[in-house]
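Here chain A shows up in two complexes: once beside chain B, once beside chain C.
On to the complex of A and B.
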């Protein structure tokens, strides 16, 4: 009885560690999305925005370089929210002014789908 | 004795606000407008909705003007939803600040916000002047009439 109880407690409380060696790509995954997928989808959103048609969007392009103003940025970030199923708090949204910052934010958001 | 803290202006094409709303609806509105402003927007109804887009564009332009008038400050500290633009019965616009933006302005030394909004067919424009009083005399309810 005592042994069974101890075994039960041991099984419940024992933490499970996953070795990083088992997944060499683990450090590049954020939530369920890979860095590449986030980057591709963000670039796709920005590239398809009216004002950026025909312009080259790279992972490092800033909104200013694309000729986008604050209203465009607000519009794009709502599109990002819809695409990734998240809500970006206003304070965070107001700090995002480039493709790279959008990607970085999503990488830090495990709920992004 | 008072001094001018800063001035700012902004112009925006009214149809851009319509496009943003048609693309993203309420989600877009909540990014920049307070609940009361959204209620007013929803209550406006004309046959072609033009007054609604004018309303949004005028307010967006006013908030951008305030941001520009403040100068070299982080946009993230401003929170456009906390900057409400209302109208007096005679139509004159005034600013009502909500916390924490209200305290942020107070800490910067901004005591009064003068504002003017205009629109004509395609564009809305706003002008803003921020005033500092030597002896701070803030309106306790945040109104800047």
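On to the complex of A and C.
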């Protein structure tokens, strides 16, 4: 009886063991968002900001080109934080100065949603 | 850390804290007040900014406290939301 039970457990547990062993070879998960989706949402946030009304925002525009100062950039980054449900640490936020850098940062953040 | 960085960090903390108000009117007022307040003092010299930083740290604590209290007594959303 005990042996039967043991065999049953080992039979059940074997497939999960095999699948767990494969996971290191799987590609690394960089979050579930596609690059296009991130780009669209970021551009939407930036073009809806008061001071960028009427200006065209492309993925390569820097905040300076849009006439934004560091306070405006902070406004935008906090809006991005809200949108994606993350918190960007101050050291990283200080370095972000363009649309492209925002998108790259979000690509590297797996918790972004 | 340069003074500019300190101010930017403060500004960001203010925005995050203000966003936590659950009442629409308080939240919008706090965001507007923070945005205008920081821009008003944009061109102040170094020693003036130093005093302002000290003052705003107290205000930041106040915003954090008030937004927490506000979220405890949250009500239904307004029509404008």
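Everything below uses one rule, namely that the second predicted complex is superposed on the first by the 83 of 113 C-alpha atoms of A that agree within 3 Å, B and C clash if a C-alpha of one lies under 4 Å from a C-alpha of the other, contacts with A are read in each partner's own complex, and residues count from 1 in each chain.
Operating definition for what follows: a contact is a pair of C-beta atoms (placed from the backbone, for glycine too) under 8 Å apart; a residue touches a chain by one contact, two chains touch by 3 or more.
As the structure is a prediction and not an experimental result, all values here were calculated from the model.
Once the two complexes are laid over each other on the shared chain, residue contacts for A:92 go to chain B alone; chain C is not touched. Touch counts on chain A: comparing chain C and chain B, the chain ahead is B. Judged by the touch definition given at the top, the superposed model places A:78 against both chain B and chain C. By the touch criterion defined above, A:70 lies against chain B and chain C together after alignment on the C-alpha atoms of chain A. Once the two complexes are laid over each other on the shared chain, residue contacts for A:100 go to neither chain B nor chain C.
Comparing which residues of chain A touch chain B with which touch chain C, the overlap comprises 70-71, 74-75, 77-78, 81-82, 90, 93-94.
Of all residues in chain C, those touching chain A in their complex are 4-5, 8-9, 11-12, 15-16, 19, 35, 38-39, 42. Across the complex, chain B meets chain A through its residues 12, 16-17, 19-20, 23-24, 27-28, 31-32, 60, 64, 67, 74-81. The touching residues of chain A, when paired with chain B in their complex, are 50, 70-71, 74-75, 77-79, 81-82, 90-95. Here chain A touches chain C in the complex through residues 70-71, 74-75, 77-78, 81-82, 87, 90, 93-94, going by the rule given at the top.
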